[in-house]
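I'd like to ask you about the structure that follows.
The letters A, B, C, D and E name the chains in turn, as written, and every chain counts its residues from 1.
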């Protein structure tokens, strides 16, 4: 049995390229599809449009895409959307910033010292297991109902995935590299910079993907408290009033933000992890 | 400069063990501490107890540990705690079961085929970005307000971390192993069983850690809808009536469940990944 | 069929490479390379570090899909590869690594036998990272020998083995060849090893086959044989090593310090 | 100070190992092993695959904290290790791998020089997985040579190198030794290489130093030298290889098939 | 969906059928009445199937209505208004009030420690918890109106009134004033009284409690008839609760809701005697006021309150307790 592989076969070569060994055997996912990442969301949009057009999706529960577009237009015209979005983006950005620093720092302490881990890890798991809403009274008591409380709550939400993923990534660094670091007598600082952080980077970046969406999700919780602006506030208000179209605008916005921020982190991932050769390549 | 290492030095050896090279250089976290994982939670408990005893923590906002113990006792005596816990455990277990299967299956499809990824990945990111509470109206519309809706919501919550982590783990499998699989002509089935699943296992297990707590967190959301039992219902009721002690019992329960399920997954992790030699060892 | 090993022949070869070009970025590694290997022929490939030996093997194994290049490659369907790194799946025990992809009831037993042949009986349940470098290499060898390939591509499979173990592995490889007569392309850095094992030795340089040497030494091949020494000198010359005496070590003043 | 290399001496040695025992699970790998290496001495270590050479090196490097065992180890503070796997950090470019842990303004330049010495000038910005096996090994070598260790532990640093590159690397290692005179413990499978490079060759077997051979061949050492051949035969004997002629290859019927 | 027409849709003014056809099913979101009917032994006396849903509050009820997962909801004044505004036509089919409503208020104003609010006039310049879209929000607007203040005279702090948020906000002095309902009225001054926390009455009627259903449900003759039967049972249950406070405290507050008997006693006393009027005109007039207040607040059109009521059910409840009691 002889198979022929013609990878960009020379036209001068006499033997015909009968079958491609590569495509025949290929177990990996194959070549990337052009605009692949847009296909799923577009499909979703198509189903939604079709459902709305045929009346299969009840307009009063899930507004039609065109309703969402007009509602968005109205919201933008009245300035509500931009104003709310701006406030929310500021809160999330601040919370994200603090959360990432806090999470990474704690992950380093906990990952590189048994005592750090003993003290930090348990409480983080507990924090993670407790619903954010249930923690609100305590946070209100300690931090008031102003911006400080809002940003702190987002920070507390965001630091968890950063911590867990970085810690997990860090703990998973091959001990051979740690041995190497020891034999070249790396200082602890250099060890962290050269071995730990790059080694934990894949984990950290996955954590970032969660942190970004977590930030937005916590917004919905904190913007119920003493807010008069913000996307979460806008949606919560629409929910109490039963304004389906505004809720759906909010959902679409959330979906877009989710897609975009996830895409951004993945882009960074592809750059930062360009040294990796994996199944995905 | 000469350093002496005496690893369990023979008493007959004449040269004294002056210093331990290993402890001097060690960049890793060192030896595990006995009962390490209990230290953090115990510390938290101590702070809580001390705060309550000295009155620094207002009993009316955060009940004292002893109040929680007596309240728990009362709840158990009246049978409320067990009954609610049982209902909740059933819901979470079902949701977890379905979610894990769904998430793993989707991750496999999406990780091993570009088309699968194109279709699945975007919508999952969107789903992930949308607050659960905002999705409730749609889920109620499609699935009603009964158990089906509750378990489905938990499933939908749980499958996301499973999907993302498994997919990420799978995509991170070293391409050298994929090449190997191709040269030994593994069938796709065997490839999944021998290469993909074990390779993605660390990711999957991290996903499990999130899935378990996510399951409990979603419980709080779904048990607000048409429930007459369950831990989430119990806590929501207590919130309405301002029964701080019961709320705190619920929080402690959540914390414990978080710690326990996390510990369980980590135990499995240690067993299942025993082939790994990492920084943590 | 022509019985003369190597050389131009009109019989359908097991492996046929024509005008194979492969480049990484701007560096052309293989430059319009032509090569044929007959069924049952044992070819050894020498070449400097970085000359493209592994690149060639990967191309033959169909593993260079992402690499830029042109050319024609004809290989049999059943190819077995020993990678330069032993490439054991770290999450499978040694025995499972050996029988990876094998099906059928006899697989487990075959795997055990194969492990015993490479001197690792009793280590079936070890994890790959519990093995020494040479042991890992032997597991990889066992994995490729337990299959019955029509083409065996082996990238320095004996590099981490001591002299005695190496001789044993040579014997093992030879007995496989005698049983199934696969075409073999063996990359090695040991010129003597190449001469002892191969029907034909190639030297890769500048992206092409820069030298080709039929091994017409009688078996058993003895390095003391003058023809052996002659071929060795010729091959070493092709590899850029001139003069058998190794470069002298600077005399060291042992009493200083 | 005694000028006689090896043997029992009362002068403080650079490396002193006494009654070193190491076991994995129930398998005792090193069994009450004693060894001394003087400052500036070059010792080559031979031994069968799995005999415990890497285990011994890891013990000397202080990397076997998790392994059960007893014994006394005295090593200098500045130890440099070339691991059997090249062990480059995959996320650092080649140049950064070489200068890992070096500080001071000259480090970058030193790293570049060192890479040039091992023949990899121009590849500074490559990722480790873009290098061939031998290139990776040379980067690891460059990394250990750019430092100035008092003790160099090298675990088969030339295993993946072709003859010519190997000769160049020998010269490089020798020049380092001449400059800084570190104690060297080199694991190799190539008996000739051991004889060419070392002051003393040890054979590890059964968990102990089973044979010890001072290399009293004049430099430049020529493998044609009868004393060279004698020592080689002796060492091969200690390694279990009897009789120089390699085991015969079964005559193959080339016309069959 | 909700608008699937039965073969013969019942006109809005057509008389209610007397008989409930076999196989009719109602989904009722009224958990307290379920307990009352169970305790009074009436739960199995319906001539149709009934499915109980533990759904309460405007948003949840509206969502369930939209999903066609609920036929009757039990709420106060506000949800019917918002539902209509957002394109979900509903009608009130039963109304219950309290006798002596000023002395039996649903809500009181919780005053933060040290806020120094003794009368409504003191509200000027204070931080007031405000939950738009909820009954408590509308109440605060009316309180301000009554005190002769506008929104500009105070600081409205938007907070959801779910759970114990208001109590916590008051206790931590994040707001000066917040409407507290139910057991929190009692618990808040008990808990924080030593710090100076108090509650004051607002002196406005806040007692309406309605059953409502989607207009489309009422077009289904079978369901319309079943609802009529339910309304009567509902009224009898309310009466039974009033007449059997001990059973109610034991069976509902203590056993079902996990409160202490004292809390239950307080809530029973607070609720007072139910008033199920046979004439809704007064209720409609008050509802109209609320509508106007909210319309001005939210910029929605003013609805006619009368359109929110299905007058065919007007006297059913009152007659049921007259006969039953």
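Side notes on the structure shown:
Quick note on the criterion: a residue touches a chain if its C-beta (ideal position, glycine included) is under 8 Å from a C-beta of that chain, and two chains touch if they have at least 3 such contacts.
Predicted model only: the values in this text are computed from it and were never measured.
No other pair of chains shares as many C-beta contacts as A-B. Chain centre most remote from that of chain D: E (centre = mean of CA atoms).
One finds 86 Å separating the Cα centroids of chain D and chain E. Annotation: 46 Å between the Cα-based centres of chain B and chain D. Chain A and chain E have centres, each the mean of its CA atoms, that are 41 Å apart.
Annotation for chain A: residues 25-26, 58, 61, 137, 141, 176, 181-182, 185-186, 195, 199, 239, 244, 276-277, 281 touch two or more other chains. Within chain D, residues 62, 78, 85 each touch two or more of the remaining chains.
Of all residues in chain E, those that touch two or more other chains are 63, 66-67, 164, 168, 171-172.
Listing the residues of chain B that touch chain C in their complex gives 176-177, 179-187, 190, 194-195, 198-199, 201, 273-277. Only residues 25-33, 36-41, 43-44, 58, 61-62, 111-115, 117-123, 125-126, 128-131, 133-135, 137-138, 141, 161, 164-165, 168, 170-176, 178, 181-182, 185-186, 188, 191, 195-196, 199, 202, 206, 209-210, 213, 216-217, 220, 235, 247, 250-251, 254-255, 257-259, 262, 276-281 of chain B touch chain A when the two sit together in their complex. Here chain B touches chain E in the complex through residues 58, 60-61, 78, 80, 136-137, 140-142, 144-145, 224-228, 233-234, 236-244, 246-247, going by the rule given at the top. Touching chain A in their complex are the following residues of chain E: 1, 58-59, 62-63, 66-67, 82-83, 85-88, 131-134, 157-160, 164-165, 168-169, 171-172, 174-175, 298. The touching residues of chain C, counted against chain D in their complex, run 1, 3, 5, 24, 39-40, 46-50, 53-54, 84-85, 119, 130-135, 137-138, 155-156, 159-167, 170-171, 174-175, 177-178, 181, 189, 191-192, 196-197, 219-224, 236, 239-241, 244-252, 254-257.
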